[in-house]
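Presented sequentially are two complexes of chain A, the first with chain B as partner and the second with chain C.
And then the complex of A and B:
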């Protein structure tokens, strides 16, 4: 009776379980490392590599000498057709590409979750909102995006300036055209959650709908939303680069990876690396994000987690 | 089954009308005048006359209804006339492109076959690659083949088509010189030599699109087959002493292809979107290139019509997917 040292296993929170399961997915872990490395290089790189990505030599003779250089110690990825340092431009472009992906995803997830929760929770507006979702799903999205950007780019740039204007327009346009999957998934979850005992209990003690949604519904739809959000980043980065590739993206002094690739296409035969680097960066980022989404889906699914 | 089909057909009509309104308003309310590429030296009264001649000074609602009438009534009449040699349309006003001053539908008629040949072939090849990969990865779940298949599928829809396309051009067209870089739409297949030329120029765009499609469809096939492999009827079939090949290819495959067929039908519109990019890479003179060209010169009637054609294609394939599901899976019909 003296030393009954019972070993109490440390209680793990739900997120620790998720992390433990996530770590078993080798592809997702590798992807996490890869994405982390890419993000760190893009975000912190410019503090080490202090060349201005938009610096063009003002002396014409010097500028001509600087053009189209191959890799060297001064310019590890060479220079472009105007003598700008490609490494600096890649890091600058990466920041914008990642920012576009994140913000567009946030817009899409915000709209999608709102529509999904409202449609799932309030039966009266369910039919209307789902018709709206179906309508959006039946729209030809890429052509519409092109038309939207083309028609509104100049007016908005005139008001907000070319950088902020293009950024906001593209992010909003991508967000407005990619919320439908999230809305459908969330609605399905909410429909099932609404009939669960804890929601009924909350309602029986007179909790208003607003608080039921924020306290009980939203935390429980977090996992499908997280997965949708991860995959949404990948989709947004791809969409942005497609727009840039078709010439309806960012201005050249405010490039994304897609824009850099588009700029490289003209001289792909002589300087293929100028297409390969941005293309590789986009592909690796999107691949990593997709793998992380896959891993998250497995980790957040309680049916798989126990195994 | 007939009522099911009819119901689906009827719901498609308001969807199409709403989409047409959205497209029309979006294009119409945007700033930018149809005369933006007309020189500024043209005097204002002449500009006004040009606007009137285009019908661009009418109220929005009138122009929308007129456009609907042209799209759904007059253009089909011209189509019938062209096929049967009749004269139903009697010279009614058609949808005219502001850029070429030609009927938009005529241009679409010229361009659509190019797109359909490339996209159709690519999709067919994509499906043919995807099905065996999907089935075998599900049958040998977590084997090295499955892992490799997963990776290729992931890479397939992560690597953007404009990147793969340009890399393929670089390797096979520029360095190896096997295929041409530019798609020649004037090439007509008349003999063996021109057929081989056609194959060579189709190889790269088809490969790019097919890889992209195969990635997605193989994933769906895999998960669908996996779900069915665990079912009781599979155990029954095996218990009866049936060969593995027969169990998988006859019993499992039939049931697991039901969702896959709808995914294939639903995926086609996305492929048309992908074709816009592919056409840009390989300079194919298709409907996607037409859209981009029209956007760049703000040729609004063409933009509206081509975008709407894309919408019609999407709604049509959604409908086909629904009806196919109804035919293949009797449980759906009685909802």
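And then the complex of A and C:
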């Protein structure tokens, strides 16, 4: 018996290969689903669950009854010490924390990749840029962040309003202080790449540096950049939590996961779930992001692919 | 001397035999928990309350304050007043008489030379005395005889009871501390950790920042006291652990400063091993109103200065409405429980100078709305926020980072939103907020916000320096490096005049009446300052400890000589 039908494999682009490989990584897939679920709940949840995260019952008798409730149908995650709905606060906080993570990561990756590629490709500015990177690495991060926020919060808030202003400031501050690892990784990769045959070939036919970088170098450093990027999200979410925890992040009526955690600490003995929810959300996000990074690294490495 | 005391003690024990706890040291050991550990017993070398209080078991002042804030004699025979001739008619001298037959714990007599030495010790220019304020304005201390001390002031002092009173100004033994004066003060470890005193206990062992053990003073002036033969004063942990050690495990008899949240308070009291004790002093959590414009658009150096009056808050009706909208009892229930009570006064105690102002205690949202409506603040554009002449009723409300204060901010924001006021919140790190750094924009003196919330109090029972904070010349600004206590930028000639009267009035009652009026001018008449919660001292005591009386005017161990074990 022979099979008469001939299977023609569809032509697949490189990204489809990556995706096929990525799907084989069970941990990464689970993490992707988890992160996706978290993001969807945070983004779309408030349209379904329409309780204002800052709503406090103005009738004090009712307010006292609503305080510190455990999980119920009316409040699936319970209420906090002022009777505010924890689910609504968690979703609102998640939006902020995830947005800070993504945007700060983009800033960090943009700076890191630029510095890394320039340093790796142009020997003349390599020393200068790498010493700059070392300088940033040597700076104590938290004090630097505190000083930046201290100096620029008022001017930026004055122009953009306190919320958008703080958001931009925190995102920029985190981005500007966490690009160094990416820069180092990228530089190392570029140093190796630029001696490879295809780059030499491109150079030999007179391709200008700009085009070599965009056509040949950048696509090939994508893999470490993507991995660094995912890890950067995790770091940014944690840094934002730290800042909120210290009271230097957003205004106090602006719940983020870090602030919810901070508020919960005071009542950890009586209501441990108040700490558990935001703590769990931060941990799950960071863990998911790390797993996705792991899966991406495997999927983007052609030597592992297809094994 | 020892023999005589012992005989006296025995006699007293015999006479009072039917009454319990009449014998010195009969009740064994009492265990006290100060979660901030004690580092010295010399109150002059530490501004820490814990050190002052621990030291008060050993060292005593001439007079102390009782639970009502009234002076009572300790080493002195009585309290000098103008009436009994102890205070001169021109209010420049006060004459203290020591009790007869007083001895130090080493058996030597207490004399006026010790008192004079104490003043010299604390006012020595190289000494760095932590309680220098107690001796401010003292010109000289004279000792006409062994039992008489005459304190002369540079200017007439209507309140002459600052020096040598309260746990922060105890008498040191001249013989012991003679070599420790000036720059040598801090290096006298032996003296500072084992001072010789007149109090009910003497130190037997002192482990810095850990444990102090004391035993009954064999030469204490009352032969039947103290009932406890031994005191262990343990440090370490936090307020929660301290409360638990008394209320739940029963390991300790008394724990100092157990400020925990109301729910934990209820939980611990259910344990049944102890009770929380509170006493209300002068610490008031309040909202201060900025009478000047903090608009960031103004040039630096003009923001929040008297050059630019506040566009909204100079309207007295707005300030009154803000106060009316607040439910103070709810704030207490959420934030402090037994450790607080609602108040409308900046000077809530002691009774002789506390105004009977209780108008603000009932929340009146509708009244606040009506008041704003009649004052011309209406919502013309339908966005839920009132406005008038193009000015929106929007406020920036700042405080320090502190879970209770953030809850207060959220609650008060809700109430203010309800009366049509837009509120933006801000929280600053407390070390920056209270740091007083003239370069920082976030200090409470700079007040780059419309309203701000914090707590403040005054030392002792005399409110005069406190009321003086609201004088026009105390307004902070760029020309005085933002140092000044009048952070509201309040300035009222009538207030100035009344304060001047206070400075020349003597007699506790008469002064109290003036303080009441000054208090009302700032609070209910103008609402420059909106008092919220009177925060008390809050400690835990075991049910087996008898005779403990909480005191917010002196050290909490003020009557340790009267403590005993419940039998």
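Everything that follows uses one rule, which is that the second predicted complex is superposed on the first by the 279 of 307 C-alpha atoms of A that agree within 3 Å, B and C clash if a C-alpha of one lies under 4 Å from a C-alpha of the other, contacts with A are read in each partner's own complex, and residues count from 1 in each chain.
By our rule, contacts are C-beta pairs under 8 Å (C-beta built on N, C-alpha and C of every residue); 3 or more make two chains touch, one makes a residue touch a chain.
Keep in mind that this is a model prediction, so the values were computed, not measured.
Does chain B (first) or chain C (second) touch A:246, or do both, or does neither?
In the superposition, A:246 contacts both chain B and chain C.
Of the partners chain B and chain C, which touch A:269 in the superposed model: first, second, both, neither?
A:269: touches chain B and chain C.
Once the structures are superposed on A, label A:164 by its partner contacts, choosing first (chain B), second (chain C), both or neither.
neither
Please work out whether A:64 is in contact with chain B alone, chain C alone, both, or neither, and reply first, second, both or neither.
After superposition on chain A, A:64 lies in contact with chain C alone.
Who does A:279 touch here: chain B (first), chain C (second), both, or neither?
first
Is A:200 touching the first partner chain B, the second partner chain C, both, or neither of them?
Touch partners of A:200: none, neither chain B nor chain C.
Pick one for A:82: touches chain B only (first), chain C only (second), both, or neither.
second
Of chain B and chain C, which one touches more residues of chain A?
B
Hey, what residues of chain A end up touching chain B and chain C alike?
150, 154, 246, 248, 265, 269
Quick check: in the complex, which residue numbers of chain A touch chain C?
Touching chain C: residues 54, 56, 58, 60, 63-64, 67-68, 81-82, 84, 150, 154, 157-158, 162, 246-248, 251-253, 262-263, 265-267, 269-270 of chain A.
Along chain A, where are the residues that touch chain B in the complex?
Residues 27, 134-135, 138-144, 146-148, 150-152, 154-155, 234, 238, 241-242, 245-246, 248, 261, 265, 268-269, 272, 275-276, 279, 282-283, 286-287, 290-291, 294 of chain A touch chain B in their complex.
Can you tell me which positions in chain C touch chain A when the two form their complex?
On the chain C side, the touching residues are 240, 261, 263-264, 267, 296-297, 327, 329-330, 333-334, 365, 401, 403, 406-407, 409-411, 413-415, 418, 424-429, 440-442, 448.
Sort out for me which residues of chain B touch chain A in the complex.
Against chain A, the touching part of chain B is residues 15, 18-19, 22-23, 26-27, 30-32, 150-151, 154-155, 157-160, 162-163, 166-167, 169-170, 174, 269, 272-273, 276-277, 280, 291-292, 295-296, 298, 303, 306-307, 310-311, 313-315, 318.
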